[in-house]
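One chain, chain A, links the two complexes that follow: it is found with chain B in the first and with chain C in the second.
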Partner chain A sequence: MSLVNPVFVDEVKRSGEFNANACMNCGVCSAVCPMGIELLPRKLFRYVLLGLQDKVLENRETVYSCLLCGMCEANCPAGVNIAENVRSLRYYMNKKVFKI
Partner chain B sequence: MSDRRMGVYICHCGGNISDYVDVERVRQTIVNEPGVVVAKTVVSACSDDSQQQMIQDIREQNLDGLVVASCSPKLHTFTFRSLARRAGLNPYRYTQVNVREQCSWTHTDDREGATKKAIRLIRAGIARTGLTEPLEPIRIDTVPQALVVGGGIAGLRAAIGLADIGISVFLVEKSAAFGGWVSRFGEMYPHGKNGRQLITKLIDEVKKRKNITSFTNAELVEKSGSIGNFNAKIRVNGKGGKKDDINVNVGSIIIATGFDAYQPGEGEYGYGVDGVFTLPEFKELLDKSKGVPVRNGKEIKDIVYVYCVGSRQPEDLENPNRYCSRYCCNAAVHSSILVSERNPKARQYHLIRDMRTYGKYELLYGESRERGSTYLRFGDDDPPVVEKCSDGKIKVTVKDLLTFGEEMEIKADVVVLVTGMVPKKNEELVGALKLPVGRDRFYNEIHPKLRPVETVVDGVFICGACQGPKNSSETVASALAAVTQSASILKKGYVELDPLMAVVYPELCQWCGECEKVCPYSAIEKSGDQGREVARINKAGCKGCGGCVPVCPRDAIDLKGYTDAQMKAMIDGYLRDGDTPLS
Partner chain C sequence: MPLPIGDTIGILADNLRMRKSVLPVSAKGAAAWAKGLGLPRGGETVIYTGLMYQMIPYIAAMNKVQGMIEDSRLANFVGLGRYINRAVNISAFMAVPPKGTRQSFNRVLVNIALLLKQAGLEFGCLYEDDLYSGALIYDLGMDDVLADHARKVYGALKKHGVRNVITVDPHTTHMVRSVYPDLIKGYDLNVKSYLEVLAERDIDPRAGLSGEVAVHDSCVYARYENMLNQPRTLLAKAGIAVREPADTGRFTLCCGGPAESLFPKKAAARARARVEQMKEAAPRGVTMCPICYVNLQKAAGDRMIIEDISSYLVRAYCK
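Right after this comes the complex of A and B.
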């Protein structure tokens, strides 16, 4: 059971340009991801959008596994800036978790 | 021997029939049937060429009966009736025999059997045709007035439409005021128009028209007569229980009685917990608060919407609503946009089963996501649980299929149950009009695509949400369709009905009332004939279903076009063995 934390998504958003609202959950991004990690990138974004802070922090390695190759972004039918979103998520983690 | 002169045409249907039925053998066998003077095979009976040939034969050979053995009567009855008329033959002296759907298409593995069956079917058709008599359509004069039941957006718009094409209207509303559901709505999708203002405008238009007579606190309680000429009794409930009955004479009746909102049971998705609302209740709350939406003086921050409440219910429920209410996805998404316009900081979670923002409303769905609404999807068998929390918030637990079935908990200020439409309970009206009610308990049209506002009761039309869930623009479109259908009867001044209907032989009838009891259209009544009580058929009401014929203990009722004598002759025709000629 995870608690939805509505403030979390606002914090992530403030830290960069995170915006995955247009996502309609088609899953193309995960299908084309060369890393083949279940979480990347759709499920990770669901965690952020839903404010499942614990889940995101538990999976910090995954956040840094992304190659930022942009395959997902090139194929996203909703025009979500996926790679950019991963960057802002890392920015948030760097600041809040690793305090750098 | 028969003194009839009949023509029989057996169609190849371009191979559809002739590939599996030996049409030439059929022709050679039936050419000797009594009364047959012309028997031909044709490649395609419905083609202009073949029709021309048939017309020529009818004229030159002076034929008095026509049998076409081709496809289903559903396809070409009217084609060949019209051919007969053009050739100078009474259209009701023609019989369609179906040797395609019933022979060639069903018995592709049995040429011999299909051929013999075709012979039997055609023999029966010839036997029926031999006993036909010339019939003419029944002409009924129509009264240029209409009755509209229900004064919501559909009824109001229909009344104005009828009035503007010169048909006087009686508009009857059960409650104390016109306007129905839409008069309670503020801003509506997709154009942001205000429901109350729309209704005010329509009521003003109704008032401007002298040929609309409107009644509130009134009901339709009785109806007699039939298409083109109904007598309707309107009961007006006055102050202090005083009731006035008003009788009006109308040519058509439009039913626009609308819907009820689904009312969740106590505890259904937490209904009853403070802060859990149905969609109409939430819309009312939204309309009441100007600016940032508030409840009990507090800003509403976290909102959870639970979709499909009262719609698409599982089969094992008692009287389940199996249908999708179709308007609610759009209405809930639109409400969430209104919320985010007034309070961009509000956080909204939509728990959906499927998203059905069909057509142009898809744009609303996109807009709501852009504005920050988050959508979670729950499984049919795993609905969210709504509970009261000790901190005054409402806890919603849901397994989100879009996050691989992750179970999560949302704390909300307000939970909105996105409730659908249910049929309005109106048993008196259904009884008075004999309205056809479907399995979903909404009223039924004759044909969902081709006759969408007509009912099996001729001259009674349905429109709007009494027929099934619709949004207001779809409702108005169907109201105007009902106007057109009404006008097409009433402006012409008369209607023509198929004469294939019941007929009473008064000399045999002793009025026992059995026929009246079984007639589903109330088209039989007691009447006098030379001092005796006998049954009388109301020709405008009879549909020719034949239900009354077998119950008559004295065989005093027959069905024109399908008389007992014809049916017996057809059975004899079927029963004779394949190739045996008549002895």
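Right after this comes the complex of A and C.
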């Protein structure tokens, strides 16, 4: 059972560049990730879109493990701004979780 | 226990906010590379280092300490460290790189300046006003801290009458060419990497080189800045056989360096995987980013010789 925060996506979204909803869940990003992060980015973005805030917060190490190398983005058939989306998640966590 | 993410980022952000750099590189130390080159202070065109090469020895020293702290009980004290760091710059005590390492990274900058002179370019440098671009803070999502810092960097460049900026590494290039324009209203600087400048000027080699090298593209140059051909053109013109490892060009495999500040062990594993790919392509490797350079060199040990591209280019193109 998970608690849903219906405005979570709006809290994470900082600009028009946050386009996680363009993801069609094909899994190419997970397949090519050099860090082998299965969760990132597609599942993590889905949690954001569904408002599953707790799920995202319990995976904070994953969010910061991303190299922002852009390999996933170069291969993404849906044109998702993956690196910028990950940075948005980091910005959110820095503010809301770490209070930096 | 892994390094506490929030406190580690907090220390880096505090350092940038209070000391204009994420790590303790003094302004004088950062400008030491330019000594004796006779570069004018400022001017319309400048070489802007963004301190990446100067900072790498400190990052390497810091990562050694972080590697010891990671997964140990000491990780519990990083929070306290952040508190103390606001009053006393603790990273200055933790990261003291050997002089020889600092000199070897300064040598890269000297090489680049010599190459630009050889290409007939008239340029100055900012000396003590050459500030860190904030690339790591950008990657970590500290955008508010970055925006304040970006204005300081832009102010320093404008103070010296700069219109054209020549960068020396991919991260700084990306920051001042693609990120800053969104942060600073009226941003009006022309930015080019020195590799772009050299390729455009079509300079001729003074001495032919031989041998083959595996090219490791920087993720940032290849995917964010679409810079792929210039390093290959310059190496090939110098007589070097350019070999492509698996996962090359736009699909280059990351060296793992960006994970160094938070997850040193994961970063090392990535670097080892990349070195294996490069070894299969050629006995020597070439990088064009200080982070790739230090990370891959460390992973390669004595199994493969990895050099910054400027070392090859200066041997070929300078007198």
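Here is the rule we go by: the second predicted complex is superposed on the first by the 96 of 100 C-alpha atoms of A that agree within 3 Å, B and C clash if a C-alpha of one lies under 4 Å from a C-alpha of the other, contacts with A are read in each partner's own complex, and residues count from 1 in each chain.
Simple rule for what comes next: a residue touches a chain if its C-beta (ideal position, glycine included) is under 8 Å from a C-beta of that chain, and two chains touch if they have at least 3 such contacts.
Because the structure is a prediction, the values reported are computed rather than measured.
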| item | value |
| --- | --- |
| Fit-or-clash call for chain B and chain C when the two complexes are aligned on chain A | fit |
| Touched partner set for A:23, first chain B, second chain C, both or neither | first |
| Between chain B and chain C, more extensive residue contact with chain A | C |
| Which superposed partner A:73 touches (first chain B, second chain C, both, neither) | second |
| For chain A as apex, the angle formed with chain B and chain C - C-alpha centres, to the nearest 10 degrees | 130 |
| Chain B and chain C, minimum CA distance [Å, superposed model] | 23 |
| Interface residues of chain A shared between complexes with chain B and chain C | none |
| Contacting residues of chain C [partner chain A, same complex] | 2, 5-7, 9-10, 13, 138-143, 219, 223-224, 250-254, 256-259, 262-263, 266, 270, 273 |
| Complex contacts: residues of chain A adjacent to chain C | 34-35, 60-61, 64-65, 67-71, 73-75, 87-94, 97-100 |
| Contacting residues of chain A [partner chain B, same complex] | 1-4, 6, 21-25, 38, 43, 46-47, 49-50, 52, 55 |
| Residue ranges of chain B in contact with chain A within the complex | 301-302, 347, 349, 366, 369-377, 397, 400, 402-404, 406-411 |
